[in-house]
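Notes for the one structure printed next.
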Amino acid sequence: MSRIGVFVCHCGLNIAKTVRVSELAQFASTLPDVVVAKDYKFMCSTPGQEMIANDIREHRLDRVIVTACSPLMHEQTFRKVLAASGLNQYLLTIVNIREQVSWVTHDLDEGTAKAKALLNGAVSRSRLLMPLTSRVIDVNPDVMVLGGGIAGIQAALELANTGRKVYLVEKNSTIGGHMAQFDKTFPTLDCSACILTPKMDSVLQHKNIQLMTSCEVSEVKGFVGNFDITIRQKARYVDHNKCNACLACTEKCPGKSVSEWDEGLVKRKAIYIPFPQAVPQKPVIDREACTFFKKGKCRLCEKVCEQKAIDFGEQDTFSTVKVGAVIVATGYDLMDTRDLIQYGYGKYPGVYNALEVERLFNSAGPTSGKVTLRDGSEPKAIAILHCIGSRDKNSHEHCSRVCCMYSLKFAHLFKEKTSADVYQFYIDIRAAGKGYEEFYNRIIEEDVKFIRGKVARVAKSVDEPDRLIVEAEDTITGKFIKLPVDMVVLSPAMIPRSNAKDVARLFNLSTDKQGFFMERHPKLAPLSTMSEGVFIAGVCQSPKDIPDTVAQANGAAAEALTIVVKDKLELEATTVMVNPASCCACQNCVRVCPYGAPFFNEPKGVSEINEALCKGCGLCASVCPSSAIIARHFTNEQVLAEMEGLMEF
Amino acid sequence: MAVSFQQIEEKLKTEARRLLESGEVSLVLAWGKGYDEKHPMPYVAKCPSDADGIVFNEYCTHNPARYLVRYPRGTKIAVAVKAADSRAVVQLIQEDKVKRRDLVILGIPVYGIKNPKTGELIDGKTTCGLYNPVLYDVLIGEEVHGQPVSSPYAVLAEYEAMDRDARFAFWKKELDRCIRCYACRKACPMCYCDPCFIDQRKPRWGEKSPEPAGNLMYHLTRFHHLAGRCIDCGECSRACPVDIPLYLFHKKVAKDCEEMFGQAAGMSIEDKPVLVNFRMEDSDKILE
Amino acid sequence: MSFEPKILGIACNWCTYTGADLAGTTRLQYPQNIRVVRVMCSSRINPSFIFRAFQLGADGVLVGGCHPGDCHYNTGNLYARRRLAVTKKILEFAGLEPGRFRVEWISASEGNKFAQVVTEFTGQIKALGPQTKFKIS
Amino acid sequence: MSQTVTPYLEMSQAIMEAGGEALKKCYQCGTCSGTCPWTPITHFNIRKLVRYGQLGLDGIEDFMWGCSTCRFCVERCPRGVELIDIVTAIRNVYSGGGMLPQSLRAFVGSLSARGNPWSGDPAARNDWAKEKYPVYAPGMDYLFWTCCTVCYDPRNMRLAKAAAEILNLAGVSWGMPSPDINCCGESLRKVGDAELFERLRGKNLDYFKSNEVSRIITVSPHCLATFNNDYGADYDVTHFSELMSQWIRDGKLVPKKDFGGLTVTYHDPCYLGRHSKVYDAPRDILKALPGVAFVEMERNSEESMCCGGGGGGLWTEKAKGERLSDLRIEEAMGTGAKVLATACPYCITMFEDSARTLNVDGRIQIRDVTELLLESLEINIDEPVGDACAV
């Protein structure tokens, strides 16, 4: 026998308008086991909550049903009332008669009838509810940040400053990410290196940050509060503890490869640091380019190294770090525009992509900041092409969001550094950020020509073989334009890192259609993921500019902190359990679980559940043929009882 | 060429004796003498001398794979199987109920098995209609070729074409007759749950006593539990004392599963049971 | 009096139940014949729930889950899709009108789809008339 | 001069209902018009056509006939707009209102009355064959679908004969359709007469069915594309160039004649290339011809230029300076080619005309790849050819 209390909310007129609330309470009082049934104007108000609390005491209630708005609104509110009154919070049932009854009908009779049916279902289910205990686990206080771009750097510093130990894992040999490649940042035009390199240095110096460059995550075990993450340290062939960064090795090295840092515009050595301000400022050997690895002899670097830091025998090593939370900030790649043959990238030397141009502007870049074409001459006319592969069903549907602004920045820098005519070919200018519209106005006044029309083709000029012709319709005049230029700059789509899928798999993240990591909720949980304890920041979530990336990084750091700041963590109690007496050892549960929570106990011959991994979806319970798996709070009996109650009226 | 049951029996005995003598297996599952010639029984040989008790004749319909799950995991077992029986073994391996390495499969290609109750030849109408085992270690006899091959689903055409109300009436009449003796699930090599869902008290999925609603719940759920797993040996129907043609429903579900998921039960140990599996490219069409 | 069917809805917490809430928040009107049971994931739905619902007298059963690929639990609804497809085939071969059982993917933002599906489904069930085949009298 | 207009959304609705559903997807970025080969040389502007359609604005009649349905814009459109469907729908809506231009009236009239666009006598459809070639009968390997243009246009009859001879040499069993079939209706559909198209289609499908046709060969890419995309029936339709290249690869056909360094370039017909994605087969044939120096024009394959003959263009008069075929011939001559090869009877007609009006017919030859292959097989179709197997 249960003692159930039913509390019907009017929600002002929101419910009372189309449900006869007092009739509903009257009806409830006739149902078996209901010892008290009341209606009240606003059940979520303080007096409403107090009424419930009083009745729990007065009537010795052991189950409470609140007939009000959606459980997604106020379940937590009323659970607290139960808890405060000494009743297990899982003995609460919410009947949703607002969103799913009163708001979707105008008919008082219909509304009341449906509310009665729902309430009846809730009463039948309520009797079978069991008190549940939230699981409490210890929390590891450390955090891992994956990705050493501006997002990862920012998040790591924020967390480290609170005293947390942070592992910053970066796959390249230096941190800095794409931002370190830029010369200036829009719209303020402040120097990228000037604002970034101090942060990079702080990372290196910070006593709470363990910087792990040339590292990749190879396995993730565990769960929120207790992740065990295996990290592969790729062989660098240089002992960074011994190396004193004299860089004699890089001078002598005969091996060459294209510089990733300079977007392939120049070559670098086989033993190299990517750029002068790299952090850590220690070289690594590129196995593919190294003469010794290719031909079996050379070892020049070894000969000149006074520290004896070169070690050709070095192997990849694996280590495990234990953390309580993870921030994924893996950033982006630019799409390969060679696939879009109409723009001639890779075919005509005068066609550049945006990152290459960033390097051309950069004083530490291949041309020391001079804007010159590949043949060393200065361009006289430059066309900047927007939306290359973005907003395009043939390649990437999303807007890459920052291209409009960096294209404007490019125009400004071209004007500043050359005497060229600069043309922008655009569809729309999207300048929705602080100071962005003002920046757009400024660029217009700098006499940059804006042509509204997407470029259809870049071709070689027939009359002047060194030049290119850009063909487009100016959609404002309807005229077809053939514009001779010397340089074409493409603004390619920003896409997830090529290994984003692996990262998603490792951390159990969902990805959207374009492959960006999915947030838990687009508005209310933009930095959380479906993986508890794993947060995302920066462009790996979707294209965004530096201010937004930094804001996200700070946010993600704060979110991670909310987990690791606690010693203990309470997890939802609605997990599953196995009744070993009924388990038929079919192992279906083990096969289907997306989280690997069930496992087969071979000696006992039954499945068991690692409750820390269980998210409570109940999939295993429905594939269990012998009904041995009990999905707490949604047990077979509870669901069936609710169905019976619902179908009775 | 006609199958010589006598020869198969001899070979089975020899093989069983050898396996037990060498200690390769600790038991051999096959058929033994029943109360008369027409009713051989499932049989377990546990020592070399037991091998003499093995029988093989045209009435050996039972599916010895049924008994594999009775023994502790890791027991080395030799199991004699006809074609459909071998699919049960494959399916049990897929489901990790037995390990391939623990089994010696004695495959018997055979044609001409008869239903002891009716004397009718057992073919694709009531079973999967295969003659040769799909998996074996030792082949007992020679592969059967040249016998008529029929689709195991051809028999369904008549029922699929039925008017829906008539089909409901047909099944209602059949299932209402069920006396809930559970011979079907006893005979089924894939029904290894203990307890069966219908015997549970929490929740009580349906009435235990024979009455229409409980019967419907028991059988429909059982059809679902066997979806993509039933290997169409037809034993459930032969075991049924009131002759409910359960095999028809199982065949229908097997056909649907094969059409929707492109995989038949018990054909390859590499497969994963279809209902605990998915493909991203599964189509919503299957829900229409 | 006209026939007012009883329709059981089973909706996953993250998508369809939230979508149904959204239909309410945006005050979309739909027939009141549906009564929704909330489960955490469409994959929680045991096929026997469906059989039982018809025995309890449901004239129609509507299952709602996240769109394939968007499941809150990554892959739950992909299993559910297969299992519910088989459920549907079994019901049909047992002689129940297949139109009485429907599975729809309705996301948290598709309040209008929820209202539209419920309206359409209710109409369809009305046209089919009372379900008497499985109902325990 | 500005002008006040009011959007007439009923018209826009009518266009969408006629199949121009994609109208609403367009965001007017100008990719289509920038890509369109007509934009630089005529007042036709595909983007504007869509814009006018979106708002149902007047004035559409002026330039709706300019599109030759080359599909270049469709391939490039970032919004996935099926622009040809829009053009077809607009023409359908307007030609329903009797706005068909004069030059197209004869074309439509002939199709309606005689089932072919060339005002040819239906009974004379197979006259080109001079009873030398078989008529299709059930059980044959292939139906060789002779396009109306190769049956009635004297220049293109050479193509029909060349194909027929090669079919014989390959040793397959094949037949021509009986004369009671009619035009595939591809161009007609693009001109917007959906109703008459349905009639032609229905009749042809009846013919296929009653004659148990399963595999069809076409020499015209227009027939190919419309059978595959608009007939809604599942036939195995192949362009002849694909079979020829296959047969050369298999060693069934061995090109013999040495062309002695003849420079040949190839023009991709829009309906073979962009519409049907066949780019390699004709090139493989040309490259297999001994002594042929194959050169590409700058705009080739996916980026090939249009001859102007599609979408009704073949029957529309264009002023000098507004002909794509002229530009294409100039481009071909720019490569140094002496032969402009192609694989479509419409392209051949357009280029032959241009070569004559440009007065360059002495300097560049227009040939179908089929004709070139036949020549290298050392068979002369101008002479009576005996059946090789006949005693």
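First chain written, first letter: the chains are A, B, C and D, and each begins at residue 1.
Criterion: contacts are C-beta pairs under 8 Å (C-beta built on N, C-alpha and C of every residue); 3 or more make two chains touch, one makes a residue touch a chain.
As the structure is a prediction and not an experimental result, all values here were calculated from the model.
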item	value
Chain closest to the middle, measuring from C-alpha centroids that were averaged per chain	A
Chain B and chain D: spacing of chain centres that average the CA atoms, whole Å	61
Distance between the centres, which are taken as Cα means, of chain C and chain B, whole angstrom	34
Centroid distance [mean C-alpha coordinates] between chain C and chain A, Å	33
Distance between chain centroids, defined by C-alpha means - chain A, chain B (Å)	50
Contacts with 2+ other chains: residues of chain B	197, 205, 275-277
Residue numbers of chain C (touch at least two other chains)	47, 52, 75, 79, 83
Multi-chain contact residues (two or more partners), chain A	592, 623, 636, 640
Overall pattern in which the protein chains touch one another (line/ring/star/complete/other)	other
Which chain pairs touch, all of them	A-B, A-C, A-D, B-C
Complex interface listing, chain A residues touching chain C	70-72, 96, 98-101, 103-107, 110-111, 113-114, 117-118, 121, 508, 510, 530, 574, 592, 594-595, 615-619, 621-623, 631, 634, 636, 639-640, 642-644, 646-647
Complex contact set, residues of chain A against chain B	582, 584-588, 591-592, 600, 602, 605, 623, 625-627, 635-637, 640
Contacting residues of chain A [partner chain D, same complex]	341-342, 387, 391-394, 427, 452-457, 459-460, 471-475, 478, 480, 482
Chain D - residues contacting chain A, complex	27-31, 33-35, 39-40, 45, 47-48, 75-80, 298, 302-303
Touching residues on chain C, where the partner in the complex is chain B	47-48, 51-52, 55, 68-69, 75, 78-79, 81-97, 102-103, 105, 133-134, 136
